[in-house]
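Each of the next two complexes has chain A plus one more chain, namely chain B in the first and chain C in the second.
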Partner chain A sequence: MQELRDLASRLLGDGTVGVVVGYEEGPRGVRPAFVTDAADADRLVFDRRCVQNLAVYLSPRRGHLARLGKKAVVVKGCDARAVAGLLREKQIARQDVVVLGVRCGGVLRHESGNGEALTAQTVADRCSGCDCREPRLADHVVGDLPPSPPVSTRRADRMEEIERMSPQERWDRWQRELQRCVRCHACREVCPMCFCERCVADKTVPSWIESSPHGRGNLAWHLTRALHQAGRCCDCGECERACPANIPLGLLNRKLAQVVEERFGYRVTDDPAVPAPIGRYEPNDAQEFIL
Partner chain B sequence: MSSAPNDAFEPRITAFVCNWCTYTGADLAGTSRLQMAPNARIIRLPCTGRIDPLFIVKAFERGADGVIVSGCHPADCHYTSGNYHARRRFALFRELAAFLGIDPRRITFSWVSASEGGKWRDVVNETVARVRELGPFTAYRELAGTRPCAAGAHELGGIHAGAEGSREQAAR
Partner chain C sequence: MMTTKSISRDGLASLVADLVGGGTEVIAPSRAPDGEVEYRRVLRFDEIVWSDEMPRSSLKEFFLPPSEPLFSWRQTRSDVTIEPVPTRFGPRVVLGARPCDVAGVAAVDAVMGWDYRDELWFGRREATTLVSSACGGVDGSCFCRMVGLSPESEKGADLVLFPGDGGHLAKAVTEKGESFLSAHAARFGETTDEAKPVADANAGLGGGVAPADPAAIRAWLSEHFEDPMWESIALRCHGCGACAAVCPSCHCFDIVDEPEGLLEGTRRRNWDTCQTARFTVHASGHNPRADQSARFRQRVMHKFSIYPAKFGEVLCTGCGRCARACPAGMDLPEIVSKIAALAAEAVR
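And now, the complex of A and B:
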């Protein structure tokens, strides 16, 4: 942790960056911190509660942050995939950001897990089978490489449960989930890859996605949000964590990630040079579903 | 249809077709006097690449029981690659919709060229038969906020609403 603080302090001190986006202690667990003064770098922390994906603050939608100067952002290996996604889609330029990678051995499901140990029950869904403990897309990497996180089958089990259902059962299940949606769009705001300047859900003429929280609009919104994240979602799980209605949005993202991998051979990666699967095609893409 | 005098279920099918191949193919089916189910309402778009999955969602919202999406065969796209992009998009949409419980049998994707009037007839007839078996998509229509939509299909496109409405009135 001291290594991270020293690095942040040095970058701020010599004027390399204007702000370091990292984590600090908050009243309810860790929270994002914006450190602009080298003397303040001691606020920064990093441990297994640091679940937030800070790459969201690189998104061009967060224009107000640009006033603080060049950004350095603390990322875990999985968050680096969001940085790669933003680079891949030309939303940010590599020289405009300093990536501070932290070696990570898995995080908890919630930022508030006080003193909780990392077990198969408490670990975040995405950490199972983690292949990015070492952030590869970083200018600086700090920390020692911790052991692999515990393996949880929770998400795989829930996916399997839904895959076994009939269309009617799936419909009923998802309607039960989606009816709780209050359309706060927290899932969109927290997502580093939801970077449209104007969201289709905010368009009113014509109103493609009805904005009031009822079954029809909710289904259209969640279908569209997931679809727009296909081949883009970095699987940071922030949408699901931010959801006040506890809707398992990660399952929709997961489903599309599986389809994208099966059909287009694309897996989310921290290499920005790998082209995105959407907006691109192969003449011999599978088309068994087309008459 | 709820506006029908009797209660017999007639599937309401919305067909999104591309201008260059399938629309022309459907036109050929008509001029060739091929008999086919009259349930499909055709909406003509420049290209399958223009069809946002939200169009399909909107069709179901406004009371469609089934949807057909059809365009040029691969390598035949008037705009070179619109159908290739559409193919990737619909592959994803179809699987996600199925995951959410929208029966994939309600959505037909097909390639129909300008010379395939017969294939268009088959696509429509098969889709209508399949949706007839599945019954009305009441689950979608009953989602909170949905009005009973006798005029639902007409609201969908807007462009042809007046024409279709008056035709229906004239029929009555």
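And now, the complex of A and C:
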């Protein structure tokens, strides 16, 4: 941790960056921190409670953050996939950000964990089978390499449960889940890949997606959100964590990711040079679904 | 002098059966299919969860649903017909609500009735008896005392339940509460006990926070609209509005016309929040609240300056749900204590 603090202090001290976006202790566990003074770098922490994906703060939409100057951002290996996504989709330029990679052995599902151990029950869904404990897309990498996180079958079990359902059961299940949505759009705002200047859900002339939290509006919103994430979602789980109605959005994202992998052989990567299916055409792309 | 009666656990179970059997809708903290506690319609006493878990949403949705039709329209060749929605509602009892949640309902009453009496809000209010349950605090995000309430606050309640020997004491607060006690007299017994606060199982929580001085906070806010603090405290805020969705006193709404086919449609009102960019964007594209610092400031200003200037109290009941729901760790109790400290310093 001291290595991270020293690095942050140096980058702020020599003027390389204007702000270091990292984690600090908050009243309810760790939370995002914005350190602008080298003397404050000791606020920074990193441990298994650091679930948040801080790449979201790189979005050009965050005007009041941009005023602090060039950003350094603390990322776990998985969060680096979001940084790669922003680079791939030309939202930021590589020289605009200093990426501080932290070696990570898995995080809890929630930031407020009171120091509980990482177990198959407490570990975040995305950590099972992690292949990026050592961040690759980074200017600096700090910390010792921890052992692999515990393996949980929680998400796979839930996916399987839904796959086994009949179409009608599946429809009823999602209707029940989505009816709780109050359309606060927290899922969108915490998503590093939801960076549109104007979201289709906010357009009113015409209103493509009804803003009402009724069955029609909620279905239209969640289908659109999930489809726009196909082949783009970095699987940080922030949408699901942020949802005040506990809608299991990660399951939708995961399903789309599986379909993209099956059809296009593409898995979201932390290499920004690998084009995503949405930005690439191959003559032999499967296209029998185009009428 | 309002009446206090006793009611046993069995009495309460029979009361629920009486109410449900008599066609009254009973709403109480209960477990949702996903395991979380929320205010839900219950049919049996044993569905009610009497625990220290905070229901995930407030009572707001039972008076101001996330989306509700205001009227429907149908167009013919020469005319438009309007189909109104009913503004009278069947009887309901909310049982075992948190004092902060019923206080939230009372705070919104002021807004819904000051210039125009909102028929849908008051239709539901009048049909509903609010029975709260004195609270022992939930966790470190509770801050009801800081905003001038308490775990046994009576604000907004018709009847408050306190723990008593072998059951509860039921203390009437309003005429509606008195009528409720008389209408269900068979289930209540006489008592000479005094209503006492819940033994604070979570010592230091909920009740442990010192009251802030609302007048000093208001005065400080009115002079610090441009304070640099707003920029720094809102850096982590995503502008998602989850705080407003779970807030018992946030009540802003949007009104939309939703066509259903070419000739008919529905006008609805939907929850809205000042935390999103869209809330204030003008047709020209200009947004007077250009970024999240301005939007978060608005949330604090409305709760601790604008509403108090009009109605005398603060628009926050200290339930702490915003802090619990926030994906970024924005913490209203922390921010209010910070402002209270700045305000106290300014007075000195």
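Rule of thumb we're sticking to: the second predicted complex is superposed on the first by the 285 of 291 C-alpha atoms of A that agree within 3 Å, B and C clash if a C-alpha of one lies under 4 Å from a C-alpha of the other, contacts with A are read in each partner's own complex, and residues count from 1 in each chain.
Assume contacts are C-beta pairs under 8 Å (C-beta built on N, C-alpha and C of every residue); 3 or more make two chains touch, one makes a residue touch a chain.
These numbers were taken from a predicted model, which means no experiment stands behind them.
After overlaying the two complexes on the shared chain, residue contacts for A:34 are found with chain C alone; chain B is out of touch.
In the overlay built on the shared chain, the residue A:162 is in contact with chain B alone; chain C does not reach it.
In the superposition on chain A, A:184 makes contact with chain C only, while chain B stays out of contact range. By the touch criterion stated above, A:214 is placed in contact with chain B and with chain C alike.
Contacts of A:2 after superposition on the shared chain: neither chain B nor chain C is touched.
Once chain A of one complex is fitted onto chain A of the other, the partner contacts of A:95 are absent, as it touches neither chain B nor chain C.
Once both structures are placed on chain A, chain A residues 210, 212, 214, 217 are touched by chain B and, in the other complex, by chain C. Every residue of chain B that touches chain A in the complex is listed here, in rising order: 52-54, 57-58, 61, 74-75, 81, 84-85, 87-104, 108-111, 123, 126, 139-140, 143-146. In the complex of the two chains, the chain A residues touching chain C come out as 26-34, 52, 56, 62-65, 67-68, 111, 176, 182-186, 188-190, 202, 207, 210-214, 217, 238, 241-246.
Per the touch definition, chain C reaches chain A in the complex via residues 33-34, 36, 56-57, 66-67, 140-141, 231-232, 234-236, 238-242, 244-246, 254, 256, 258, 268, 270-271, 273, 276, 278, 290-293, 323-325, 327-329, 331, 333-334. On chain A, the positions that touch chain B within their shared complex are 162, 165, 167-175, 179, 200, 208-210, 212, 214-217, 219-220, 222-224, 226-227, 230, 252, 255-256, 259-260, 263-264, 277-283, 285-287, 289-291.
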